[in-house]
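By letter and in written order, the chains are A, B, C and D; residue numbering begins at 1 in each of them.
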Amino acid sequence: MNAAVRAIVRTAIHHQLLPFGILRGYQGMIEGDIFELKTTDVSNIIQRGGTILKTARSKEFMTEAGMQKAYEQLQRHQIEALILIGGDGTFRGAVEFFKKYQIPAIGLPGTIDNDLNGTDETIGFDTAVNTAIEAIDKIRDTAEAHDRLFLVEVMGRDAGYIALHSGIGCGAEQIFIPEQKESIEEMIEMIQEDKRRKKLTSIIVVAEGDEIGGAQGVSQILKERIPDLETRVTVLGHVQRGGAPSSRDRILASRLGFGAVEALLKGRTQEMAGMINDEVVFTPFASCVKLQKPMSSDLLEMIRVLAK
Amino acid sequence: MNAAVRAIVRTAIHHQLLPFGILRGYQGMIEGDIFELKTTDVSNIIQRGGTILKTARSKEFMTEAGMQKAYEQLQRHQIEALILIGGDGTFRGAVEFFKKYQIPAIGLPGTIDNDLNGTDETIGFDTAVNTAIEAIDKIRDTAEAHDRLFLVEVMGRDAGYIALHSGIGCGAEQIFIPEQKESIEEMIEMIQEDKRRKKLTSIIVVAEGDEIGGAQGVSQILKERIPDLETRVTVLGHVQRGGAPSSRDRILASRLGFGAVEALLKGRTQEMAGMINDEVVFTPFASCVKLQKPMSSDLLEMIRVLAK
Amino acid sequence: MNAAVRAIVRTAIHHQLLPFGILRGYQGMIEGDIFELKTTDVSNIIQRGGTILKTARSKEFMTEAGMQKAYEQLQRHQIEALILIGGDGTFRGAVEFFKKYQIPAIGLPGTIDNDLNGTDETIGFDTAVNTAIEAIDKIRDTAEAHDRLFLVEVMGRDAGYIALHSGIGCGAEQIFIPEQKESIEEMIEMIQEDKRRKKLTSIIVVAEGDEIGGAQGVSQILKERIPDLETRVTVLGHVQRGGAPSSRDRILASRLGFGAVEALLKGRTQEMAGMINDEVVFTPFASCVKLQKPMSSDLLEMIRVLAK
Amino acid sequence: MNAAVRAIVRTAIHHQLLPFGILRGYQGMIEGDIFELKTTDVSNIIQRGGTILKTARSKEFMTEAGMQKAYEQLQRHQIEALILIGGDGTFRGAVEFFKKYQIPAIGLPGTIDNDLNGTDETIGFDTAVNTAIEAIDKIRDTAEAHDRLFLVEVMGRDAGYIALHSGIGCGAEQIFIPEQKESIEEMIEMIQEDKRRKKLTSIIVVAEGDEIGGAQGVSQILKERIPDLETRVTVLGHVQRGGAPSSRDRILASRLGFGAVEALLKGRTQEMAGMINDEVVFTPFASCVKLQKPMSSDLLEMIRVLAK
């Protein structure tokens, strides 16, 4: 996310614009937490995890009064255009806001879940998947030597992209994702067949959004059904949201940040900049809803073949 | 652990000895899972996590019949001396075994918990702590921006060394360790004072052995006592047992492995090789019990001062 | 590369085929270094750098006698189809070989340089770029504090893709790539202007293929032209060829390996499997030559804007 | 180094003292680059490489006029005590300064070279060694497959500690260090014997201080003497000075920073705080000269045994 901020600030200055930062999203906009960003403020941040602008959810922005306050703050600071970085919620908020208040705005897809329409990949996704596989690689180092089942919970409340990609990447034996509705019976069967074949190592990646209740939930069901099975649970949690961004995320964020400023200068507004087939493309905010893309059945088939 | 195996094999060969590996510890000894190790078998393993010899717990070795079988296997393979790598349990097993069967043996402290008498540090501890702080660093990247409490569970069922060291290393606001019997009341008070001071970020490192029930247990108590507090739980689990070993662990393991072979050649037996003040020293197996060393009150005091 | 081998072996076994590995490429083919690969041989290798099949250049394979020997070995082991992993040279060799000898073959793009036609990305490229930026991030940590110029040489003898991507990813002030023919005068001017502006930090990424002689060459020219400039040189060298592969590379290699076996079963031959716009596509070996794609002038323009 | 600054600031505030930071060492002292450090200024820095206080060499401080200016700045800011972080040069400068000007001062050993008297380990050394072995591990991934000699240059102009420790840690075949005066002839002999034994992989770690001219120098001599030997050079350079510090360095720096403030309060002055056998100890500045400790011949012997 910092790479996007750096690109926006420097591209803006290059075009003789005066860039400002707003802290903690819409909440900071309401509270007037707005300050000029100079080129040196964004030196040496491209490699930092997190974001120098911080994030927060704002209930107040959902109200008319909140939006009114936010708009007044923008006026007061003479902000003439906005660049919004966020996910589904950010753009839904934007749609409401722009119904009433006229101010040019471009969005950037900033969510690790990769579940947005209008871009092949969201900023943060590649880093999150790499973080997950690094952790799972370490589990695999010891998994070989023990007759236990390792359950690893990765992020993705409504979307299983992180689980799917990290599962393929780490060579997991099974992947549980919200979209897949994989029945617990099928998993139990697989484990029991593995036991018959004396195949001991097993790493199962579980998306936190799984209705069974994450890795802890799966672990409990397994203990009931296969009492002599020893399971070990890892919950990666917010480990996946931090860390130095991957090269791919930095380049994506740089290109989209650069493109967002250029788009505003060309008069585009209320669109999200995304990357599709290596080109920067623009999609109206209203269409950047959460994606309910079905998982590719080819990939799911491949996982089954490769896990054996 | 692989660095120790490499050092043992090459030092043995250097002294014209014939080294063998035994898979899965005492269980493999009983089952005769014993094979020659050549110098090339230990090429390119110093940087690998886990162990090429695998590990297992053996209930059978606790019985006289099991020990008898193990001894017969050693005889059958003409094994003249043993080097054992493990923790408390390994050496307790050894003491029993050597009461009955005469075979020279040297032990190496191989446990990530760092809770053995006879050495300043156990093989694997430094790597585990580094793995934990890398994970917690990533959590800190996002922690700053959110008004939540992050609970991170690290390993250490009976000993809080990993929690203590990773807590200092990552600048945690609080550390929960079995030894410390830190009252939950004290923690709740601290959190409430932080809330009054509007100090939002908080990372608490919890040792899995904590009687409250690990990070999940602490989280539940906090939810009951401070209902508006949002907590996020990370359970690092076996992530801490794998990964490329740190430089320090590799050097420690190499020196102890090298020293173990030399010690056997000098006629030492039934002792564990440890490193104390940068010197290889030897301690009888019977004294290498689990250490109930009180945590240094200086370090605990320092943590409190530095977390503010 | 190991992820591709794993995918090929397991997909082949899934289709009741019998997979073999050939060590050290064409040279191993000539020498008959050929052995069956079982499903367990490829367990736990997806996360390893390098390749279990090793690599070598073979001058002998350039001769008719060499090709003849290679073909005889394939016959002798009853190999009915080949999957080749490599770069430009691998496929040029293949074209010659298949002029004379009939055997179905599919290629996979295995080179860190990313300079092959027929695929958006080669296997290994994403990992190499991530390795480079991790190293450069560390240099940046200290670069800020010193009034020195840091020159970092990355791989890419004929192609500057690693330099371009790692340069954007690490926020380098300047990038030297073979394709760009950036005049040394322009660089000297930029440094002198920076000195006037008292802007001290400067990281310049140099592709090894640069005609000036790599980072050492650039350093020498700079010392002659700007005598009071202190430069520090890092040559990353083969560091970029190893290390645990990135998630993206593992998924790419898995999908192409899976696709290669399926393609052979469908009767395709003498084509390279590549990934274009997230789809597996096939390109005749003869067209998979080294790509002389001009660097995108948009990206070069962006670098200039963002480095200020 | 940041961990030390954090510990100093927070310990000082805990004792109701008012901590200041001085940018760029003695040069910043002369120029009055001095500012208050609050507890929040040192939040979230324990994991950062480099130092928020920056570093610089100061020729001006070597002169009487420079020292005079520095002292006046300290007076002007009402600085009542100093904590100096640095190496040999820092403490030599201090000795001169304190001959003329009376102000309590405690030093901390901050140099990656580990060549200071008065402490078992300097702040930064463990991190530098871990960075070096991570890089060399990646080289080893590909080294196996090629018949080439890999030369890796690590830091250590006058001291070979980084070379020695990273060489043991990565299982290098040979280590070249300034202290060792290893004759080039011995190395050439080893390589030629390896060639006879068809042992192909070889990683040689070279300390930059080596009189032969670093890895490039060794490479050139080898090319002349063994013309058919292919060598590859990596120069890690400043990569070793950055990156997130290891757990061990953070704890060392925290304890020494904490101890330095407490020492000043107890009236100690003109001493360096060091860690010897896990205890904080104090050594007069004049004795903290560069250490010409002979390399342990035991360790050098061990390397030879283990590399075979």
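Everything that follows uses one rule, which is that a contact is a pair of C-beta atoms (placed from the backbone, for glycine too) under 8 Å apart; a residue touches a chain by one contact, two chains touch by 3 or more.
Since the structure is predicted, the reported quantities are computational estimates derived from the model, not experimental observations.
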Shared touching partners of chain A and chain D are B, C
At minimum, the number of touching-chain hops separating chain A from chain C is 1
Farthest chain from chain B by C-alpha centroid distance is chain C
Chain B to chain C, mean C-alpha position gap in Å, rounds to 39
Taking each chain's centre as the mean of its CA atoms, chain C sits from chain D at a distance in Å of 34
Between chain B and chain D, the Cα-mean centres are separated in Å by 28
Among all residues of chain B, those touching at least two other chains are 137, 140, 144
Here the pairs of chains that touch are A-B, A-C, B-D, C-D
In the complex, the residues of chain D that touch chain B are 6-7, 10-11, 13-14, 39, 43-44, 46-47, 120, 126, 129-130, 132-134, 137, 140, 144, 165-166, 168-171, 201, 244, 246-248, 250-251, 254-255, 258, 277-278, 299, 302, 305-306, 308
Counting only contacts in the complex, chain A reaches chain B at residues 24, 48-51, 54-56, 131, 135, 137-147, 150, 216, 232-243
